[in-house]
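A, B, C, D and E label the chains in the order they appear, each numbered from 1.
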Amino acid sequence: MAPLLEIATLRAGYGAINILWNVSLTIAEGQTTVIVGPNGAGKTTLLRAIMGLVPVASGDIRLNGASIRNRATWDTVKDGLVMIPEGRMIFPDMTVEDNLMMGAFPPACRRNWKANRQMVFDLFPRLAQRHDQIAGTLSGGEAQMLAIGRGLMEQPRVCLIDEPSLGLAPVMVDEIFRIVEHLKAQGLTIVLVEQNTNRALKVADHVYLMQSGKVVLSERGDAVNLDRLHALYFAHEEAA
Amino acid sequence: KDYLLGSQLPLSGNLARVGQGMSEGIAVAVDLANKQYAGKHTFKVTTIDDETSPAKGVAAVEKLIAQGVVALTGGYGSNIIGPASEAAQKAGMVYMTSGGVTPDLTGRGYKTFFRINNTEGYAKAMIGLLGDMQVKKVSVVYLNKEATSNLAKQVQADLTAKGVTVGMHEFDGATSDFKPLLNKVKLQDRPDAIAMVGYENDYVGVLRAAKVLKPDVKAVVGVWSLATAQMAKEFPDLMENVYGTSMLPYPVEFTQPEAIEFSKTYARLFNKEPDYLGQFGYVQTKLLIEAVLRADEAGTLDKGGLADELRKTDAQTLIGRVTFDEKGDNPNFSHRMGQHQQGKVVLVWPPEAANGKMNFPARPW
Amino acid sequence: MKRFLVPAALAVAYVAVPLAFGGNPYVMGLIVAALTIGGIAVAWALLGNLGGMVSFGHAAFFGVGSYTSAVLSMKLGVPPLAGLLLGGLGAAIASIATMPALRLKGPYFALAILAYAHIFQILATEMTGVTGGAGGLLSIPRFPTLLGVDLGSKTGGYVIILTIVVLSAAAYAAIRRSAWGLALKAMHDTEIATRVIGVPSTHLKAAMLALSAFITGVVGAFNAHFINFLEPDYAFSGAWTVLPIAAAIFGGYRTVWGPVIGALTIYLLDQLVFKELMPHGHQFVLGMLLVGMILLSPGGLAPILGRRLEGGQRHAHA
Amino acid sequence: MLSLTLQALFSGVLAGGYYAMVAVGLALVFGTMRIINLAHGELVLLAAYVAYAAESQYGLNPVMAIPFALVIVGASAALVYALLSRIDQDREINSLILTFGLGIILTNAVLMIWAADIHSTTAPWFQESVVVADTLFAMRSEVVFFVGGLVLMAGVHGWLNHSWQGRAVRALSSNRNAAKLMGVNPRRTEILSFLVAALLATFAGIAIYTGKTIFPSLGHVMTVKAFIITVLAGMGSIPGVLIGAVMIGCIESLTVTYVSASLQELAGMILFLVVLFVMPSGLFGGRKAIAR
Amino acid sequence: MLTLDGVQVSFGGVSALKGVSMTVSAGETVGLVGPNGAGKTTLFNVISGIVRPTAGDITFRGHSVLKAPEWKRARLGIGRSFQIARPLHHCTVRENLIVAQRFGAGRVDHERIDEILDLLKLGHKADRDAVSELALTEHKALEVGKALATNPHLLLLDEVLAGLETNGKRAFMEQLALVRDRFNLAMVVIEHDIPTISALCPRVVVLNFGEIIAEGNPGAVFRDPNVVRSYTGEAAA
């Protein structure tokens, strides 16, 4: 299958600190790619770099073969490339409802905002209950749900999801993975960053392992051996 | 011979407008003096902006003295003149002004301090006019600043002594809506006349509120920058029939050669009608220049003789007779009152200075 | 290098400046005025940088300090030098009245203090018996001659205000280095995080407010005896708030000396240079200067100077 | 007695209208960008002076001057924004100084161009008396611009809360990066809010020119008052601004009527403090997140 | 040591805690679990003084602390971490701990600070310029470190293990157990990871909609059908 999203020898970081060192990966259309790796490996940074929130020092990012390295975040979003960040990236002083409506901001999504909102409320009844609450006062897990729901309002074609299960109760974690599977079934291209390797591998078509800003393993999902993966984590521990 | 005069005035800040007016009068006096003494003497004036700040007024005076001026003319606002003239006194430098009328200034008894106008003179004019109108009840609307409240209280005292009922209404400089205040005047005081003591923007505010509320009065009287050509032009439909202090009628009449000369020069230099501040700035500077020349002839200019020479002044000027008492005040000072009549300012008080009939009773609305 | 910088600067300030400019009352007067602003700027920056509270009403403390000292010396014959401390004390006491505002944050706090400044000004205008009302106080006693030095002169005033500023900056620096300073610095972003580790943040902030008010009050008292004149509009003028803020930020409000350097730079440039060049619109140039500074060096002047001196290593927040 | 009180309240409401018109632009920029534009009063004043220039030079009715004022004020606001957007560190405090400096520049530019004289409209139409129910008096300009101002403010409020762009403006101030992830172009959105503020400033400027007197140092005075009202309202709330402004206007006019006109500022300030002490984030300051 | 008695909290219309009563004894480690929005963090906020309960009482070491402000409670020995790390910015790691010692414990004991840094493996970062560059694990460790530096008797940990990789989680858990034993602490731990909680806490309290719905040893509690339905879900059962 032709790669939909292609990251080539990417270097990026924050100001003087470089985090990603020549990271290359390809993401095939319609597949679910899982990126795992220890804390601080640069997974979030990679997603942010793809979205244009972190400046790229060298290398390239291509979507459908065209470079998006110099595209502004807001234009990338219009192409259907969407990132669902962790729960802290909500709009804290707007209501839950306004947060969700902001998800529908890209012009193509505005038409369907009502239906999409209903879908989100069905997925997360807690958000429907709290639709008028100021988002900054939500509990950690509620905020996480809001971030996911808001991302779904953007009607993504390619969806980068950063640790969706963070801080969620076990029941909700189940729910989240059910949603991911549902999205996958709809044919979405998904890039999933997860700490919960166990669960993530079950939905993975392809797996990357990142460590200290580099890709150290790239394998088909069904070929991955969990024990070997964890052993590689340990290798990092010892090296550090 | 070249003479350098110093002038410290607010050219920016709250008092920028009035400072500008006075500096224009000073410039006219210098211009006329240069013409009068052409070939013999030249005069120059250095003006420093005190930015409406007492500390900068002091600094300005010190700087002017350091630059070797022979005397100081200017200053506006009693609060700035106080410290500034104190600095001048310390250096033995003559400070001549018309910008501060409070008794405190002359109360200090400085040898070097002179001014040609004072609160009493303004009060005399207001009371004289109101007395001639034979009003029984007056509401005084005044700004809570020093010069204004001093004058208002003097007017109150004098009117009360004459058996007139006086209502006092103090307001703050931040007031921009005068309707509640005037409504009180209208419904509670029900005066025959309203006397205003404030500055231009206050007057416009009061008159506009009055125009809206239409209290049943016979006259509206004010002081300072009110009966001026400037106000007649800027606010034609607000000023009609309003009385205010004014030394010259507008347009100036041919019976007054010096006045004609003054207003011509003014028009030439600044392309507008002289306003009342210009008149004072002109008069004080003219007197100062004459005294400087006298002192220099007597050879006492650089020996502190200027103050003595000024004290000998006895002159008929645009603002009437000027002499100085030992405190530097001008006891003769009494203002005249004018009235806005169809875009002109007609002198209506005192009777001997009047050049027209006053409209009375007459309201601005 | 850095070790000798402060003593050298002090030597220059105490000896060289009076020698060089003592004969020119105009320049000396401007330097004193600049230091007056600088003193308030230090007090303001102390509150802003350590307490995390931006005040838009330091004129309140300046005015209370100046009236306290002026009235005490005129009515009760308190000597002006003692009046300085009493002025500071008066302002510190006045700051207690403002302490309910400590519950407020950011602009809410800033404007609450501004409201106090307005209120104090109106009270000073209305309390005619004590303050002389709108007419103000003329001929406030000047500083005495001590040990043959005429403290009432321009140079004497210079020495006094310089000492006030130096002591204030030293106090500021000392607090900043202490655990108090760390806690205060940490408090701006996450007050709650400091409270749950035992920091009584409100008390600390109250102490900083009182100290800042005290310094400002002393400076106000100094100014009253130096200018020998007071009136409400002047003593509580917004200029006593605005200029120090501009000076502090211009100089670098996160540093100890930045506010003083900023005050000297802005005031002296404005009065000595811009006013010469453009007698009528010199504030226009001042505005340009402020705008330019923020765009070119957002950290203020002091960091630039610091970088020059040390080869550019230190953190802006240090 | 009754008619005195009624007139005081009526005047207070109208005066509050002026305060609100000036304040709402300031509140908008704060609410959307967390920036206190200390040059806002000067922008209002600039609009007033444009109206003055148009009237005195070309005899244009002040209302007709609105388009011209809008262009000039809009361009100035855009310039203010362009400079502001170059600040990247310590944005809150540095933007204060930047806009303060711009305010000084504008004030002095006005002073140099138009001198320090006071001005106001000469058109008598605006100054006529409007009498309601035989007891309530107002100047026509006050009434006209009060009503116009209400409509404008309601429009801006609706825009901010119910339009896509308005919501984007709020989102941007709430979390900049998250807003970008939603497809919001920050610059375009922020400049839009500045232009809306310029529209409000223009309207306020014309209202002031026709109803009050203008002079160069007025800009600063207006900024301070507007700032106080914005804070009283709870930064960023437009209905709050209107209510806060009317409260201030009424307490002032009641103080004038029943105590003294020299204490009206005092009354306003005390009201301000009392409200803040009871509601530390202003009348409509909104709910704040607690620690987690 | 800590007793909550009928604690109620409501925010506007939402009642976040509806009469919660529980006790924690000296040296005990209690797990606090429950669905998202159950009120766990709110309970911590109540204990540490950030939120005032609308009803109920809190006693700590024999005295009611209901009216004590946060900083007083910290000095009495209640230490806590935040779900979202809140380091003292513009300070180094060591300075963070110094402030906590100075104000929370009354005096600065450098030995204890070094020991805490050591236990939490923060030693090598202690004097670096600013805390903002710390990695997630280190932020979590610092949260714990700050609380420890106040010399607490009771430590409240709000999801300090969330977001950590599996190995990191295990290592950090071991550090916590060490710390607990070394300083003889009572702990209340909020955590969504059932194996972790089960390993660390002999007793677990389950909160749902602001009420305690189950309490006891982890094995029993996590089999409780109420808990399974509302919290653990079928997958984990």
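Quick note on the criterion: contacts are C-beta pairs under 8 Å (C-beta built on N, C-alpha and C of every residue); 3 or more make two chains touch, one makes a residue touch a chain.
Quick caveat, the model's predicted, so the values are computed rather than measured.
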Where chain A and chain C overlap in contact partners, by chain label: D, E
Farthest chain relative to chain C (centres taken as mean CA coordinates): A
Separation of mean Cα positions, chain E and chain C [Å, integer]: 44
Whole-Å separation of chain centres (CA-atom averages), chain C against chain D: 31
Averaged-CA centre spacing for the pair chain E and chain B, given as whole angstrom: 75
Distance between the centres, which are taken as Cα means, of chain D and chain B, whole angstrom: 36
Overlap residues in chain B, where contacts from two or more other chains coincide: 12, 144, 172
Residues of chain E whose C-beta touches two or more other chains: 41, 50, 82-84, 86
Shared interface positions of chain D, touching two or more other chains: 108, 111, 262-263, 265, 287, 290-292
Interfacial residue positions of chain C with respect to chain D in the complex: 48, 54, 100-101, 103-108, 111-112, 114-116, 118-119, 122-123, 125-126, 192-193, 238, 242, 245-246, 249-250, 253, 280-281, 283-284, 286-291, 293-295, 298-299, 316
Contacting residues of chain E [partner chain C, same complex]: 48-50, 69-75, 79-80, 82, 86-91, 95-96, 98-100, 102-105, 108, 129-130, 146-147, 149-150
Complex contacts: residues of chain D adjacent to chain A: 164, 167-168, 170-171, 174-175, 177-186, 286-290, 292
Of chain A, residues touching chain D in the complex: 51-53, 72-74, 77-78, 82-83, 85, 89-94, 98, 101-103, 105-106, 110, 134, 136-137, 139-140, 150, 154
Residues of chain D touching chain C in the complex: 30, 36, 83, 86-90, 92-94, 96-98, 100-105, 107-109, 111-112, 220, 224, 227-228, 231, 235, 262-263, 265-266, 269-270, 272-273, 276-277, 280-282, 291
